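I am attaching a structure below and will ask some questions about it afterwards.
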Amino acid sequence: MYVVRPVELADIAALEALAAVPMPGVHTLPKTREKILAMIELSIASFAAHVDIPSEEAYLLVLESEDKSIVGTAAMFAAAGSNGTYFSFRNDVIQQVSRDLNISHSVHALTLCSELTGYSQLSSFYVGEREHGTPEAALLSRARLMFAVLAPHRFADRFFVPLAGVTDSEGGSPFWDALGRKFFQMDFLDAERTIGGARNRTLIVELMPHYPVYVPLLPGDAQAAMGQIHPSGELAFNLLTAEGFEADDYIDIFDGGPILQAHKNSLRTFTGALQRRVSTSVEIPDRGREPQLRYAVSSGSEHNFRAVITHCPSLESQLSVALSAEVQEALNVAEGDTVICVRI
Amino acid sequence: MYVVRPVELADIAALEALAAVPMPGVHTLPKTREKILAMIELSIASFAAHVDIPSEEAYLLVLESEDKSIVGTAAMFAAAGSNGTYFSFRNDVIQQVSRDLNISHSVHALTLCSELTGYSQLSSFYVGEREHGTPEAALLSRARLMFAVLAPHRFADRFFVPLAGVTDSEGGSPFWDALGRKFFQMDFLDAERTIGGARNRTLIVELMPHYPVYVPLLPGDAQAAMGQIHPSGELAFNLLTAEGFEADDYIDIFDGGPILQAHKNSLRTFTGALQRRVSTSVEIPDRGREPQLRYAVSSGSEHNFRAVITHCPSLESQLSVALSAEVQEALNVAEGDTVICVRI
Amino acid sequence: MLVVRAIQADDLDALYVMATQVGSGMTTLKPDMKMMGDRLNIAVASFAETIPPEERDYMFVMEDTDTGRLAGVCAIKGSVGLTEPFYNYRIGTLVHSSRELNVFTRMDTLYLSNDLTGSTELCSLFLHPDYRTGNNGKLLSKSRFLFIAQFPHLFTEKLIAEMRGYQEESGRSPFYEGLGRHFFKMDFDHVDALTAVGKKSFIAELMPRQPLYVAYLPDDAQEVIGKVHTSTAPARRLLEQEGMYFEGYVDIFDAGPVLQARVSELRAMRDSALAEIGPTTDWDSACAPESATAEPMLVSNTTLKDFRMILSQSVPVNGAVALPEAEQQLLHCKTGDTVRTLTLNPRKNNG
Amino acid sequence: MLVVRAIQADDLDALYVMATQVGSGMTTLKPDMKMMGDRLNIAVASFAETIPPEERDYMFVMEDTDTGRLAGVCAIKGSVGLTEPFYNYRIGTLVHSSRELNVFTRMDTLYLSNDLTGSTELCSLFLHPDYRTGNNGKLLSKSRFLFIAQFPHLFTEKLIAEMRGYQEESGRSPFYEGLGRHFFKMDFDHVDALTAVGKKSFIAELMPRQPLYVAYLPDDAQEVIGKVHTSTAPARRLLEQEGMYFEGYVDIFDAGPVLQARVSELRAMRDSALAEIGPTTDWDSACAPESATAEPMLVSNTTLKDFRMILSQSVPVNGAVALPEAEQQLLHCKTGDTVRTLTLNPRKNNG
């Protein structure tokens, strides 16, 4: 059984191995042992913390396969840009109207904005190739929101997820070439290296355009790159839009990749989460008639979070959920405990 | 029993009488018999229309009291500004950061925008004094969204509701005096009369400021008026925020009144609506133990819409709803028909 | 001989004939009897001072006195943009700099503006091809500066002239293709035709409002900002000789430059002088700088309503000028009258 | 006698003494040996042409040759804003008009800009109170124009001078209170102190970026836009006499005006002339216009490295000027050398 759990110090070697896998974009895991360790320590401290107002906490979850190896990661930042400002481009639509000429059309414009500052940010989603497209990948993605359902005070009311944008075979970005390069006077990869993937630095407001960028003025390849995901992000994109995240409103200021966002009330995990008491399932052959549904189920404790997949009949009109002994052990729960269940 | 139903031609006299009641702001009913008639005709045509894409339809619902008199109105416009552009001020937050001085604070700015264009608009909400604060008022407000649940293709995915802003005893608006007056060179009431309460006219883009208005530069009374509702709008405001609408993002360009808005997925009527089959309730004394809940229930036909309040046990895990003969008659439904039910 | 003079009511027919010979580049002189008659009425009222200064439109014609034929036309509008908005792009500079990254980027920026609202405008210059020889073009264009120098109180301090912008031989405007087309979604010729019938301000409703970095535009559009149409280059040079400068304002469609001057800084204001018609003494001539003797002079009378101006070889010396009888007649002047004089070409400073 | 001359390395001590006597209004001449020494080194390198033109900072001192004491100082910066952004507000016009409502609204608008980046700047003018008599102030301020006229190739075409903005007697700046305070949330004096140590560009990070309608500001803030501090009014008039104009750029904090000129349009460029030191003939004097004889003249040598300038009563006539021996010595010149001359006050046009 695959289990999603908070990262532990013992995972450092496994994460170093994952970090060696080439991943595009900037919203990925740290690469060096030192930074991985810092991230793990921050996550452990964050899970342990008693939080009143979401701030600099960062939570890193890992997906553990049946053989206990780490095959996926997913992170949450409690408040994006908490030590600065999280900058993004807002994709505005401007109505152009001329009464005299009876013309009315709309023009898109990108405005540098700080509106996502303070949102909770999901990022660093990665699963191994074998897990691509499996329910376990969906479990890992969604487990973050289940934790937020469990501990809403640790998160903002709104969430966003930046996904890596398209780059060419040399690692160049057509969107960057049309915009950021003119102000930064350097290559895309140099710029990303220079600011370490951050989107909260003062130099962004110093260098990036203060006035809206009219999209029709951008070269075709840059327009085409707006809101386009790097192929490696397709899985995450599909999982998130199915969850209720919306694209189109914001894009990344560097590579033009989409930034998905949603109010938590629009997310399926929040609207569909069911709190149920644990009962022990007994194999009763004649109940097999009832259709078995797939649920993500997580423990109800914020300090000992676990999530797994289980199958059971519809929980809509039930007060309890029957879990096998194996699942109970994986979740570290016992009969009578509360768990959170979401159809998956 | 109070019934919410589409307006009919026979209601014109009652609506004229209502229109004589002084109501502040602009988002209210037409005042002249001619315009009331036009509105009624548009509503009747809209309910009858087969709609593919929401456009210029306008739906007017009335609240009929037990004695068949009209004691409330509420309207829906399928697509705001459909024959133009719906202008509003977006309330942006700009982060001001100086690394050198270690200063970071945020400044609000109002930007003329057309983002609400194409949203569905709720407006003209009015109930008589006797109905203030009653479940029937809530029924009237919510019935609009129940109709949208029933006929989602007639509406946009997002809704907004402009509420009248504060004015002084002479009908002046401190917000207008600080902003619109400088461009229009006329009094608030003159301006509203001149453009007939519209927010979709070309002259708005001709006259209103093209650049964001920094809120700290506005006089104190204008700042204080931003997003403040006229006392008469409090009931509507409370009902709408309870429904899931959010204020703060947009305000009216003339009087600075709040514009509430939401994605339909964030609205309680959409997330909590239950489709149930009608069964006939029989008074069984010993079922009285089950707690009775209050529901708004509406007929399931888009061409013969009705909504009333009923009480029954929780419908969460039921397939049918037991309605009294009287309610069935009011809704024009029979046993076996589908109705939409929402806790209220 | 050629005289430039205030237009008169009975010039309408001759003006119409000439307008039929104007090419498509000039939008203000269309062969349309109604429009032309209206404009002429305003011009006559302007010289007669029966309408307020800001509504005036002083039109001048160049007449060939040998044939009575009109050889050219030009005008000065008292104020632009007071009935409908007068739009330009203004080119400004924004600096984006980060000490941390050691980046210093200086960006040209286009601002949609109505800054030139209320300015006095030089416009509607047309010289018939038959007369495009010698100093005729200079005489016609520069006549307006002498008029302004004689009657500066009639004008605002800011003087402007819009120049036709650069187009490729095919008629393609690189600036329009790189910017305007995205917002207008119609051909440049169509836009041009709309401006011709006075719809310019309303087309500007479609222009983007926010400051635009020039670097966003395609290279060929960037290159032609402030560049005149090839056929307009000589006209631009004449205006620049008189003290008009490109100060960063351009047309919103073709990026043609607007030349500007303060009226008080015009060469005509600084260097033109009044002189009395009469004989000059030997003593005066002896002291006159040598170089001046060969210079042709612009000479005008000092009457608003019947303003007339010629090119003369007579050089004024210490307040007197010996104008031949024929020239005095052309100016409707006689000995003892005061005239205003200015060398046709600027003198060089000895610095 | 007073001579204005290029500063020299050994002027540091005297300069420091004078700086201790400057009031708080001038931020560029603080009595700080380190800052002052650095600036003096740049000035010496500027006159020696050992640093590029855009980095130069030509400082001039006025020396009382009777005592050897420094009486004043002034400077010309080759280019501003090339190492850190140079911000101003530019005042533009936007017209909001609706034919339907018959409304035509003309609004002044403030644009945050770096338009003046790269301009040559006149700055750091200070005259010791003991010497604030007669023409001394004019001599000191105007010396810079004669320097520019002699060496125009060293400067950009655009010349600017920032003027201290209006403050109430209490020191309150109505413009700052109406605008800047909302964004800086600190006192004007604090902001002023920060600009004094060169932090001006970074404070500008906090300024609102979007164009601002002036009508949003309180009345008292609107009224002082482009208005100088009472004590700065005379300095402003001197610069305006030389051809500098307020063209709509103001300081972002106190809205003090920036005066501007094209170098080629300066009175000094147009009217200053070279003359050879030597006797003038009777014939020359006879032809000279009468009025000029009483005019004091600015006279300078033509040496960059040892630039020196005085005020003289000698009037140049047809390319020659009879300078007294003492004046020649002040200029480090002798008979036969070339000097540049300009009347201290502008002449009127006869127009």
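Letters A, B, C and D mark the chains as written, and numbering starts fresh at 1 in each.
Going forward, a residue touches a chain if its C-beta (ideal position, glycine included) is under 8 Å from a C-beta of that chain, and two chains touch if they have at least 3 such contacts.
Which chain is which protein? Per UniProt: A, B, C, D = Arginine N-succinyltransferase.
Keep in mind that this is a model prediction, so the values were computed, not measured.
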Can you list every chain that touches subunit A and also touches subunit D? B, C
Can you name the chain that lies farthest from subunit A, using the mean of each chain's Cα atoms as its centre? C
Weigh A-C against B-C on C-beta contact pairs and write down the one with more. A-C
Subunit C and subunit D, separation of their C-alpha mean positions in angstrom: 33
CA centroids of subunit A and subunit C: separation to the nearest Å works out as 63
Per the centroid of Cα atoms for each chain, what is the distance between subunit B and subunit C, given in Å? 58
Distance between the centres, which are taken as Cα means, of subunit B and subunit A, whole angstrom: 34
Among the residues of subunit D, which are close enough to touch at least two other chains? 94, 97, 205, 211
Got the subunit A residues that touch at least 2 other chains? 94, 97-99, 202, 205-206, 210-211
Spell out the residues on subunit A that touch subunit C in their complex, using ranges where they run on. 94, 96-101, 103, 105, 107, 109, 182-186, 194, 202-203, 206-214, 216-218
Name, in rising order, each residue of subunit B that touches subunit C in their complex. 202, 205-206, 210-211
Contacting residues of subunit D [partner subunit A, same complex]: 205, 209
Residue ranges of subunit D touching subunit C (in the complex, touch as defined): 81-86, 90, 92-95, 97, 99, 104, 106, 111, 113-117, 149, 201, 211, 243, 245, 262, 265, 269-270, 272-274, 287, 349-351
Subunit A touches which residues of subunit C in the complex? 94, 96-98, 100-101, 103, 105, 107, 109, 178-179, 182-185, 194, 199, 202-203, 205-206, 208, 210-213, 215-217
